[in-house]
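Attaching a single structure in structure tokens format; questions to follow.
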Amino acid sequence: MKRIGLLTSGGDCQGLNAALHGVAKALYEYYDKDVELYGLRDGYRGLIEGDYRLMNREDFSGILCLGGTILGTSRQPFKLMRVVDENSVDKVKAMKATYKKLKLDCLVILGGNGTHKTANLLREEGLNVVTMPKTIDNDLWGTDKTFGFQSAVNIATNVLDCIHTTATSHGRVFIVELMGHKAGWLTLEAGIAGGADIILIPEIPYENKYIIRAIEKRNAAGKRFSILAVAEGAISKEDSLLTKKELKAKLANRKYPSISYQLAEELQTALGQEVRVTVPGHFQRGGSPCPFDRTLATRLGAAAAQLVINKNYGNMVALRGTDIVPVPLGEVAGKLKVVPKDSDIVQAARQIGVSFGDC
Amino acid sequence: MKRIGLLTSGGDCQGLNAALHGVAKALYEYYDKDVELYGLRDGYRGLIEGDYRLMNREDFSGILCLGGTILGTSRQPFKLMRVVDENSVDKVKAMKATYKKLKLDCLVILGGNGTHKTANLLREEGLNVVTMPKTIDNDLWGTDKTFGFQSAVNIATNVLDCIHTTATSHGRVFIVELMGHKAGWLTLEAGIAGGADIILIPEIPYENKYIIRAIEKRNAAGKRFSILAVAEGAISKEDSLLTKKELKAKLANRKYPSISYQLAEELQTALGQEVRVTVPGHFQRGGSPCPFDRTLATRLGAAAAQLVINKNYGNMVALRGTDIVPVPLGEVAGKLKVVPKDSDIVQAARQIGVSFGDC
Amino acid sequence: MKRIGLLTSGGDCQGLNAALHGVAKALYEYYDKDVELYGLRDGYRGLIEGDYRLMNREDFSGILCLGGTILGTSRQPFKLMRVVDENSVDKVKAMKATYKKLKLDCLVILGGNGTHKTANLLREEGLNVVTMPKTIDNDLWGTDKTFGFQSAVNIATNVLDCIHTTATSHGRVFIVELMGHKAGWLTLEAGIAGGADIILIPEIPYENKYIIRAIEKRNAAGKRFSILAVAEGAISKEDSLLTKKELKAKLANRKYPSISYQLAEELQTALGQEVRVTVPGHFQRGGSPCPFDRTLATRLGAAAAQLVINKNYGNMVALRGTDIVPVPLGEVAGKLKVVPKDSDIVQAARQIGVSFGDC
Amino acid sequence: MKRIGLLTSGGDCQGLNAALHGVAKALYEYYDKDVELYGLRDGYRGLIEGDYRLMNREDFSGILCLGGTILGTSRQPFKLMRVVDENSVDKVKAMKATYKKLKLDCLVILGGNGTHKTANLLREEGLNVVTMPKTIDNDLWGTDKTFGFQSAVNIATNVLDCIHTTATSHGRVFIVELMGHKAGWLTLEAGIAGGADIILIPEIPYENKYIIRAIEKRNAAGKRFSILAVAEGAISKEDSLLTKKELKAKLANRKYPSISYQLAEELQTALGQEVRVTVPGHFQRGGSPCPFDRTLATRLGAAAAQLVINKNYGNMVALRGTDIVPVPLGEVAGKLKVVPKDSDIVQAARQIGVSFGDC
């Protein structure tokens, strides 16, 4: 009897259930009755606290297009330290104890960057783990795409499409603030797909003067409106030169809930033109996964099952070109995949006249 | 030669172009070459400043499903007084002058509450006007439904659907703040369609204790999450007892950008549970009109054309049951249609266990 | 202890689960633990064969936006006679026996025209019934709208929107065949919302010469394409003059799977222009209900529960204007609500230049 | 002054306008006023007949999310031979004459397989051409993805989703016939994303006995329904062994409009269970491109502009992994990219229990 644990960790996103559907169906198909799947509740919390349940085939039926995760999720444990009165060693011990108690052959872990750091730690501690890359940020090193990303791009693009019609009608400047603290992939792809005129991402610090110049150029060309797609982690050149500590202090004193509101006031003052802000927020990570993410998550799920079957542990399954391949966890953990400034997608946006606020 | 003016005024919404498409096509079909349609730019501003253009058939082709308004729009003029250095008499004079200069037989005006006050004023000043009811708020007296409303409900419901999956996965309380300063129709219908557990609208002042009770009841029943659909004009019972002046002073000092953020903090403190806020904002009024709005706008457009043809001026076209009927402008102007506390839709929501925070 | 039966009968549509959600939640809220809900499987089949299950609150959780029906459905029993070797009296007897065996206080029945005939028969036989109007055809007498209708209109309109872009690009004539054997509501509303140039519905027999004239008029005006929205029950004037028997014989010999293919060939021959056919089929009745249908179904469900609570049996709940009202089953059963030829919606379509192929 | 011709050829698809938007904006941005773009009408027809127009910047404004092609399209010329009374040499001559007359520096051609054959012929005849890969079939050799494909997958998946709810409610077998005569990519990806139980594609001939076995296995497991995603070019093993001529003769005598109807009858007879067919048809290639296709088309457009700028003619722009690269036309023309039987995506589908009807 094979015994496999399943857990989803970190912020939820579209495709988690599709991925669980893929890995579970593939395991049941292969092992038939010789496998037991254990669902750990709310990510690593369930592993730490020994909160789990034995799943059955029916649990995975009809969840391919369901948003969220049937297992529940929570922020990963090393961030929880502030809340829970434990030290990190104890948590790792607790996770190993649950793993042992359940007599697991392997733990299949779905998550983003933080999750992968912990997964790699567990691997180093001797547990058998196989991981799957999920995040709407697409900032996980080692895979071309993470599931959740395309679904979030679709939602964000839809918001930009809708803002277009109201911006045109009223002749306004609109800022749409999209998710992405450290990586601008979501804002970049949605910005291009949604026809944003200006795209601000963490990787390319902006200066107000260039943004203003871009808007004025549009005004001069008779365009009634301008739309900015702004990542929540977008940063001005000035701020990008601060130390981490200085920046933190500055942000703590900011009177606005986020970068967009401050930028809106600055632009409004400079331009004498109405500037509005829209922040779709968590809406971006919810709802049914798009077909691209369903297929990707299914393929990754089937590949993860194959790694389990082959006892090829310690790997993340990844998309590379048109193939699904294993990537050693040690190569992935702790690395962030940000947008290269000279990537062809940034280049393409510049070619069609999009401003990144940097020149 | 008939000469008809067209203008769209107030905040834009879905269906404006569908309505223009309806009225214009019906007029061209009826009069063929014996009609000239003049588009006033940006609502009453175009009428005041004499900013217009002669339209042609092609201008109205392919706009049935286009969001926004091809004529542009602006806030209606009596709010502009603060900005523009003019007195209201002059503006009315200016509008009459443009009407005269263009030798219009009639002015077809699309707008919401403010727009209809002005339209009625113009009627009283002797101009021939026919109006069409647009607003995502559905708060225009005299019609069962305004176009734009259903499209906004669809978007708001979609946001609630998406938030559901993330709320379930994380076990959180979520507040979704929807448009509606004075009337709660949008929040009410989207709240029911999106399965909100608590619905707060301006018409039914809430008390925190009842909201908390509703959430705790859900927690006790083992539900992991609760979702609140909150109109931006929702008001606590305490605040509802203040004079207008007192309330204004209080709101001016509020440290939060809107009611939802304040409520979130209060609930989080009281419940010891994470409470998140999402504010879709202008997104709600943009994008392609839904089929319901397209059909409604087309029917209203054709009916408005018929009123023009019959010289039956001074009316708004309205939906009553399954019929389109004319309603005298004098009956409509200045009246707000709010949600009756005992309407069967509120009643239905209460029956299925939705809390309005009032008991 | 109250004991209520629930059944959904006839072709499935969007909103059935939302309606079940509404009626069940309202009954549980009102009676709390003093009510038992019995789900009859697959419509009247379950009532005839005594195939049912005791439902619980969880069964109705999360189904508000789920397409289809959790109870299953089947064609209503008097059509089943061909398949099942029984006579109709026996079936009625069997249904009464199940009702008695379950000691039901009332049976809540969701269905369309056929379903309502049977429901009324059961009422006449002494059973307590309350019904809810579902059908994508909107052809149920006594209610302004049935749930399912608007969702189907949305899908059909989306098909027309998509066909528009391909028709424009290729300069083709396209026929989109939509559901509706006897009533043209779906084709009419989707046709208007989707910008169809020609709309053919069962209520208005067409002649090819008028269709050809309409297309040629568009060609002459430089339009590259024409789109026809055709109800599957659309009928030529010639065929409309046949007796039922003659028509049946003629249709039996038709070499085409449906009216659209025949019309396409006739038009292609007459016009010398490429004519394509698209038949979305069952796609129109599937998927998640639109917000309009969810709210309507919820309101109807709550109203049906109220009728049960008040022992106000023998009624269908209906939408009239902005209200939900009870309508005696005897007034509803056996009546078809077709599109009046002079209804303002037909009139509006004609005004904007849509051809119904009749002049 | 640079003079560039633009043409879109073959069946239309989503993203053509986004691609035109990309290439045109990039050319205008680079050359500013030193470039003239000529739009050839209806694909190669416009080039043959000298039917074109000088475009301007405004023509490309707002078309990013517009379905279809603003240039019009037609089947490519060597199929037109039957219609137009010319021989192929003459057509090539005519195309070269138009190219010369317009003094073009380069011709940018958007199309699929047939289009690329002709484009390569023109290259061999000495014309400067740059091409972009469009097709919902994704069967163009040399690129990982074509634009149009993902949008079509989204529509097809949506149909499968909707059919799921009706299939569940009624307990039926449903066949959804999707586009794809020679390649099964669309059916494969939509089938996986839409949770199809059986997927039939041209690349993997099926036998009825295996399909029946798969359905009976589901029935035995208590599933009420089965859904087949069937490419229009799916072929039985028996038919796959015929010569091309034999097959053509057999298909000519087939009494059904397509493979699905025949299969439905065969399965219904074998299973004694209701089998329904849905054929979404041209609906799959219409409507607004999805964000994935908009971004891809924009990147390809910008890359094509760069090839023009660099005089790097004779190439198709292609997606390879995360990069956009040029591929020599000679390597692309005449090659079909079909689904490899052992591709990991087929493998993944098999792993989760999907049947391809071949074992």
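Each chain gets a letter, A, B, C and D, in the order it is written, and its residues are counted from 1.
One rule holds for everything that comes next: a residue touches a chain if its C-beta (ideal position, glycine included) is under 8 Å from a C-beta of that chain, and two chains touch if they have at least 3 such contacts.
Going by UniProt, the chains are A, B, C, D = ATP-dependent 6-phosphofructokinase.
Treat the numbers as computed from the prediction; the structure is a model and nothing was measured.
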Tell me which chain's centre, taken as the mean of its C-alpha atoms, is farthest from chain C.
A
Roughly how far is chain C from chain D, centre to centre by C-alpha average, rounded to an integer in Å?
35
Chain-centre distance (mean CA atoms) for chain A and chain C, in whole Å, is 42
Taking the mean of the C-alpha atoms as each chain's centre, how many Å separate chain A from chain D?
31
For chain A, residues contacting two or more additional chains:
161
Draw the chains as points, connect those that touch, then say whether the picture is a line, ring, star, complete or other.
ring
Every touching pair of chains is listed here as A-B, A-D, B-C, C-D
Residues of chain D touching chain A in the complex:
21-22, 25-26, 29-30, 64-65, 144, 150, 153-154, 157, 161, 189-190, 192-195, 290-292, 294-295, 298-299, 301-303, 305-306, 320-324, 344-345, 347-349, 351-353
In their shared complex, chain D is touched by residues of chain C numbered 8, 11-12, 14, 16, 42, 66-69, 72-74, 155, 158-159, 161-166, 168-171, 174, 224, 257, 261, 276-283, 285-288
